[in-house]
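Note sheet for the following structure.
For reference, chains read A, B and C in written order, and residue numbers begin at 1 within each chain.
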Amino acid sequence: MTHTRTWTTIFSGLLLLAGFSFGQQTLNILTHWGEELHRGPMERMVATCEAEVGVSANVRTVPFGDLFTTIVTGRAAGIAPDIYHLYNLWLPEFTGEGGMLAAPPQEAIDHITAHVAPAVVEGISAGGQVWGYPTEVNTYLLIYNKRLLEEAGYDAPPSTWDELKEIAAAITQVDATGAVTQVGFGVLPGWDSGVVHPFASLLFSNAGEYLTEDMTATAFDSPEGIETLQLYADLLENGGMDMSVAGWELPNGIVGMVVMANWWRATLRASEAIDYDTEVGVAPVPVGPSGSQSMTLSYNWLWSVDASSASQDTAWEFLHCLNTEAEPGHGSPSGQFLVEALGAIPSFEYDQEAHAEALGDFFLQAFVDSTQFARPEPVVAGGQEVKTILQGEIESVLIGATDPATALRVAGVRGDDVLEEMQR
Amino acid sequence: MEHRSPVVRYLGTLLTYAAVVAGAVVMLVPFLWMVNASLMTPGEIQARPPVWFPAEPQFNTYARLVEVMPIFRLYGNSLFVAIATTVGVLFTSSLAGFAFAKYDFPGKNVLFVLILATMMVPFFVTLIPVFFIVRQLGWINTYQGLIVPGIISAYGIFLMRQFISTLPDELLDAARIDGASEPRIFYSILMPLVTPALATLGTFTFIASWNNFLWPLLIATDRDLHTLPLGLNALRTFAAEARNLDLLMAGTTLSVLPALILFIFLQRYFVKGIALTGVKG
Amino acid sequence: MKMARVTPAYEGPPRRFGIRWTPRRQRTFWAYVFVSLPLLGLLLFFVGPIAFGLWVSLNDWNMVTPVTQMRWRGLDNYVYLLTRDPIFPRAMANTFAFAAGGVTVNVVLGLSLALLLNQSIRFKPLWRVLYFLPVMTAPLALAVLFGFLFNRNYGLVNDFLVSLGIARQPFLSHPDQALLVIIAIAIYQYVGYYIVIYLAGLQGIPKELYDAASVDGANAWQRLGYITLPLLKPVTLFVVVTNTIGALQVFDIVFATTGGGPANRTMTVVLYMYDTAFKFSRMGRASAMAFILFLIILIITLVQLRLLRDRTRG
């Protein structure tokens, strides 16, 4: 028994060694996917294409918060991966002067543009160039707790800002000691996307703009923008919102409504305080006084290849395998992973069709529908900095340190400076 | 000599004790509450009116914690990095301290002034360039990247030089007459004599490295290389999204407790070292 | 034992590599060997980086473009930070408020507690350990813990306030209270350090001085004012200087409690530098911040040394 095991160990060790020294090409992949829960499905997805392309893939996972730094710092000799999984806002940073990404082969670009929505193509482009295969699409909608709305006497979610304010105020509860036990509307301060993305979705739904059309200047310092920030100020004043209870607490059952993205689904489903099937509601972003229709912001992730990689061709071949259907109607390995493991919305139309049933879940269906009219987060050099500046100014209004008009004027001037400097 | 009435003296003592005990309670309560909250259910933690003690201690929170926080790996990494850094600092500091204290060589004074000058430079001034150098060396996400930039300490060299200067030269000369080589004098004569100074310097270096956050945050992006503060930071972000306050407090407890227990046993040593450098420095 | 060794006949210093290795030369050689490794490290990780950082601060650089292609900007980064950047002055103000508040309170608190503990009091080691516990704790862990304790709706501190009939406070989400909470965390963390140092200082004061003063009829307050405090000046000098320098570099606590928010109200220089460098990839501007703060630290240190030293002499 012991002997058999010893020999098996030695034998498999030798095999492993052989695999390393004489084996196939290895592709190094860097992503924020694959932590704990998703490791298994991630490995299965990768294995499909390892066999198909005849390479071995080495996946390294870092938390989302560290991914950007890891990429920037990872270009030192020997540790830059062949394949990156990128947030589209970072593209200008990586594709400008001394750019570190390789442009995809023309067949790949043709395939992508033929099979994804125009907004997605725009999202994964920078400087007029498509930079890789799009993966998940995220948009923002109003996520709400049906039970809290009903208890406050409302059986439908708000469709306008006036309704939003009214319902939010009705939900908020404060106990005898002054503790806020329940709040109508929540924001997500302290995190750039958590502050700016919901704001932009509301801004778009109020017929406002984030950047000018040519993306050379900010456009949120407008009457529509001021109205949007005023919405937050009003909510704070009428008690519909309280800074001590963040939107993060919606899965805890003590927040009525949040403007939030579809990737939150996993958290909502895991929550014990709110029942996903019966209590979670999802609705279009309420429309502002100057707006005529509900809009939302979308952002994308994509697979890209490092320009210094020695295995660029293999890398693109591998990505092609991940993102295309082996058999029509079955979807791609990537689509399979996105839908089944992450509950995310895949970018390719064949993936959306192949997983129509899973995506037909009330929650995801609403988000899939919204991708039709969603507007991509502007991808522009300095975009991250503009976002952080705007975050700071929005938070200033949230804590009552400044008024909406001043906040947006300050953010606009500083944001314009950054964009202008980046264009030089 | 005191001309105070017994009543006044008694009252004074009472007030002294009251102040000291009150202060100690303030110091202790956060830690006790941390452990207490880690044993509550999330509902109890957020209950209003507040619940002071768990109805039934939730020890399984710690079992759940191990699934989201690789606590043993974190201990291992922290321990390895702190020990390696400490050994490195002790070695380089005593080597250079020895040379500056007991040898004459051209350029000695200039070099020593240089060391004193770098002592004045705070870490953040060199943060970006050192990060760049470590990156160029390909040391991101490696143990050497975490350890090597920390093994030279201008303060350590200074401290060791000061201490070694107080040792009598005769000991070294006697060894030389016996034919001992200079490296041999260093490790078999000098090292035993400087143990007290090494203990002090080692204690400081170890604690600083154990608690260090910013440098590992930049270097160890790979979870496998995370040290305790990084693991706790990851747990903090995780708990922020899901509001797992019980897990967060359990994680904080586990990351803080071993060091505290160790300290309680070795406290004399630590306190003496700090008092020593503080008053002399 | 030593006598047993046979000393070889003296044949003059050995020659190797064309050098006569006199004992003196040998010693010089070894001295260089001993300092070479530490000095190499010092050059690679301190001296070189300082020079390189200074140069980077005069350029625009994102760390992705090669070093040779940095864009020269002269003093632009410094001018921008000092005249146009709206956050940097706030970060400076916050950092100084943090350092001044924390150090001042802790000098008073640490000295008072050390005076109490220096009397004939029972369980002295126990008290000392309790006060010293937070010094040993990672600032990051304390930040997480206090973020929890100071929560508006379920934090222990607010439960306590309510039980006293005081209204709940938002603390970390309040524009003005957030920095105070962060200062409070730093006071909590380091008071034990001050106590230990002051205790050591107190034990260094000769008993005879007090006895003599008592004979002269000085009361406890007079003894404190005329003996204890003046003799503790060097200790105070030490703790004030080292802790001010340390406090001006605060990062961990702020990073984990507020991240510099709300709305930059708790932004500190090192945190802003971290964001600028590693979030916005502006290495030049971040390096300029480092040198501005460094210069200020140098000036403050010199001023503190001068002030406290003069008073000690006077």
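Keep this in mind: a contact is a pair of C-beta atoms (placed from the backbone, for glycine too) under 8 Å apart; a residue touches a chain by one contact, two chains touch by 3 or more.
A quick note: this is a predicted structure, and the numbers were derived from the prediction, not measured.
S.K.: Can you name the chains that touch chain A as well as chain B?
M.R.: C
S.K.: Between B-C and A-C, which chain pair is linked by more C-beta pairs in contact?
M.R.: B-C
S.K.: If you average the CA atoms of chain A and of chain C, how many Å lie between those two points?
M.R.: Chain A and chain C have C-alpha centres separated by 40 Å.
S.K.: How many angstrom between the C-alpha centroids of chain C and chain B?
M.R.: 14
S.K.: Among all residues of chain B, which ones touch two or more of the remaining chains?
M.R.: Chain B, residues with two or more chain partners: 46, 48, 135, 218.
S.K.: Which residues does chain C have that touch at least 2 chains other than itself?
M.R.: 63, 153-154, 278
S.K.: So which bits of chain A are touching at least two other chains?
M.R.: 69, 73, 75, 177, 179, 181
S.K.: In the complex of these two chains, what residues of chain B are touching chain A?
M.R.: Interface residues on the chain B side: 42, 46, 48-49, 67-68, 131, 135-141, 218, 221-223, 234, 237, 240-243.
S.K.: If you look only at chain A, which of its residues touch chain C in the complex?
M.R.: For this pair, the touching residues of chain A are 68-69, 72-73, 75, 93-94, 97-98, 100, 177-181, 189-190, 243-245, 384-385, 388, 392-393, 395-396, 398-402, 410, 414.
S.K.: Can you check the complex and tell me which residues of chain C touch chain B?
M.R.: So the residues of chain C in touch with chain B come to 2, 5, 7, 23, 26-28, 30-32, 34-35, 37-39, 41-42, 44-50, 52-53, 56, 63, 113, 116-117, 119, 121, 125, 127-134, 136-142, 144-146, 148-149, 153-154, 156, 159, 188, 192-193, 196-197, 199-201, 204, 211, 214-215, 235, 238-239, 242, 245, 248-249, 251-252, 255-256, 270, 273-274, 277-278, 283, 286-287, 290-291, 293-294, 297-298, 301.
S.K.: Which residues of chain C touch chain A in the complex?
M.R.: Within the complex, chain C contacts chain A at residues 62-66, 69, 86-87, 151-154, 158, 162, 167-168, 170, 173-175, 258-259, 261-265, 275, 278-281.
S.K.: In their complex, what parts of chain B are in touch with chain C?
M.R.: Where chain B meets chain C, its residues are 1-2, 16-17, 19-20, 23-24, 26-31, 33-34, 37, 45-48, 50, 92-93, 95-96, 98-100, 103-106, 108, 111, 114-115, 118, 120-130, 132-133, 135, 149, 151-152, 154, 157, 176, 178-179, 182-183, 186, 207, 210-211, 213-214, 218, 228-229, 232-233, 236, 245, 248-249, 252, 255-256, 259-260, 263-264, 267-268, 270-271, 274-276, 278-279, 281.
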